[in-house]
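Here it is: the structure, laid out below.
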């Protein structure tokens, strides 16, 4: 069985927030591990490249890169090599986050390179059609971000639920195996519970945790909410 | 009914070949029209942006842009606006050609913009998985280019046919309507006939026509082959 | 002598504005030609790719593409070939507009390709240091857009003049020949006059003309202002 | 005085070579440190992002990132933040390597962001004109790669020396302070000596060291050659 793929699954994207850079990234990782150990809920984290090795040395929860490039070892200065991320201890990688979008063929190639190197792929999509397209590429995990929810401050629990259920339904028609996360507007335990009720198997969050006054408390709330 | 969507369909991509630039592009367009009129087979052409208006004034066959950008009217210097292509007389546009690849979300947006402006979308994919992904985005036409066929000089009629039939089957599971073209390795009438036998509804060709000593003769051969 | 390089020089960028697309682009081009003929001031225009041929057939003033790609004839679907633009009648091209920015080496290559094809290069830069960098690449014309002026609504005549004079001075230290245009905040004749007083040899404008109620009247005002 | 800016300067780019990934990257870094300590010649290294922290904890020689993105802390998933690299212990970063080229304005912005974060900028240019352009952006260090030397296997000591001396002369006309490295074709001590004789202050090397059977020996040869 693939380590880290236990569901429900919460992945915290550290982005390039200063609150989650360097030493602070390690501290935040430890809080995520504490919440995971106490609740037995799977919590993964996606720190910046330079922090991966330090963090995988400090915690036992799944660590994801935020991106890898679709390249093999060689002359690719400045690129992110799957093997490098793997050796640093990562278990997987985000791919095609809305802030680091890829060409379609590069998403496809990157999923393949991740798999060849034993890395889990977590591919983002920002639209129902795009979600089906991503599902067709057979990643391990996908994060759907219904446009109705992104940046509006409207939590999934209050937005039109049919957008999420509709996307899940479309995805499941062509891919039964992919783990589906809900990726926008998650700030409270209620949002996490709602995401699961609507058919997803977890959430991808960022500022809701990283920018919280008490990230540990919010992570506990999220993890507890998966048990309702 | 959508003009230009009669199948079998042959689309000739003029690329940026000098043999298909300016006056020579107009001459080649006329040859394509002649072959189409004589055979009653639908032949479309995709010239360079600057040649579209002249060509749509000279011939009656469907003309496609080679690319449009996912932008609306406004401050987008150097971009290709759907409305501009439409007013120049184009009926559609290629999208995501392997030489002009787009981000997944841009393919999705560009198909939408094409539709809003009454332009047919012809989206390229270079891999079975990517083909299913493209089909999920619901373009009018898609061109699949099995990697076994690209640039190898091996015509589809001699390559492993199961690659093409397999891709068609996968696409049809999620999209019954899209017109599927075969997009690589087409140089002879036999290749066109083989592409149709394997379940596609036409071909996307470039050098096989543009670089031919007698493009009209080859186009006639292609068109005739669709009737076998 | 290079046609179109008479100074002072006014270049109108049509961008992808609907007011300057298709037939409206041709009408606007004629107004620019009328203002140029009446005032004997050099006015160039930069329409969209698909409108170039129609416009060069309708007017005698210099026509520029908004962009070309650094490619040679060949397999470059969706790219803008210098030879295509040239055959459509363009005399030059904008390069590296802030809305279509290029890698440094591509700016360099594109200037070379323009020159090889007898096209004038008009390269944009949005910063004093970047302006010196562009000057080092030896384009025919460059448009400097002091950041103090872009999108602020503050005309050059009221902004700190030392930004413009300083940039001109820096550029002239390494390039005596390049024609320097001022490229932001130009909406009135006073702005044009101020740009010339500060050491530039003309202006690159867009919305100030295209979005004007009476583009011809504003162009006349601009052209007249160059004679103060 | 800026640590690491002692000249002559040798920088070893680890690229994404497996021979310089993870543990092997640390081993190679130690060899570089040994050669530097024994010869008193300044040797810097540019490992992959995920290896920076481990390496800066293991050696005292200057460590450079291979790239940073021109972004500030915030929502930039998958980007490389200057602050992250800095906290991992890097002293600087390569910028615009030919395998990770940037838009002109991004090179400019990235140099500024590096400076604000106390990181040295090492900017690459692959052409005499582009070298002058880069010099205009005032980086701390620049690496010029005369096209005559890239990938030809012809060492700088045998190539036409006037290409290097000409580039250095052009650069010095507008920038007296930038440290100029020679960045291609360096495989032997003779090449290093030749690069210095022609007016550069060091070399940027990659496969010549990383792929060598005995990287330490070659580094010693390079370092010793700077003293001729």
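Lettered A, B, C and D in written order, each chain numbered from 1.
The criterion applied here is as follows: contacts are C-beta pairs under 8 Å (C-beta built on N, C-alpha and C of every residue); 3 or more make two chains touch, one makes a residue touch a chain.
In this text, all values refer to a predicted model and were calculated from it rather than measured experimentally.
Among the remaining chains, the Cα-based centre furthest from that of chain D is the centre of B. Taking each chain's centre as the average of its CA atoms, chain C and chain D sit 37 Å apart. Centre-to-centre separation between chain A and chain C, using Cα means, comes to 45 Å.
Shared contact sites, meaning residues of chain D that touch two or more other chains, fall at 98. Remark: the chains found to touch one another pair up as A-B, A-D, B-C, C-D. Against chain A, in their complex, chain B makes its touches with residues 96, 98, 101-108, 125-127, 129-130, 132-138, 173-174.
In the complex of the two chains, the chain D residues touching chain A come out as 13, 15-18, 21-23, 46, 48-54, 66-67, 71, 73-81, 83-85, 87-88, 94, 97-100, 206-207.
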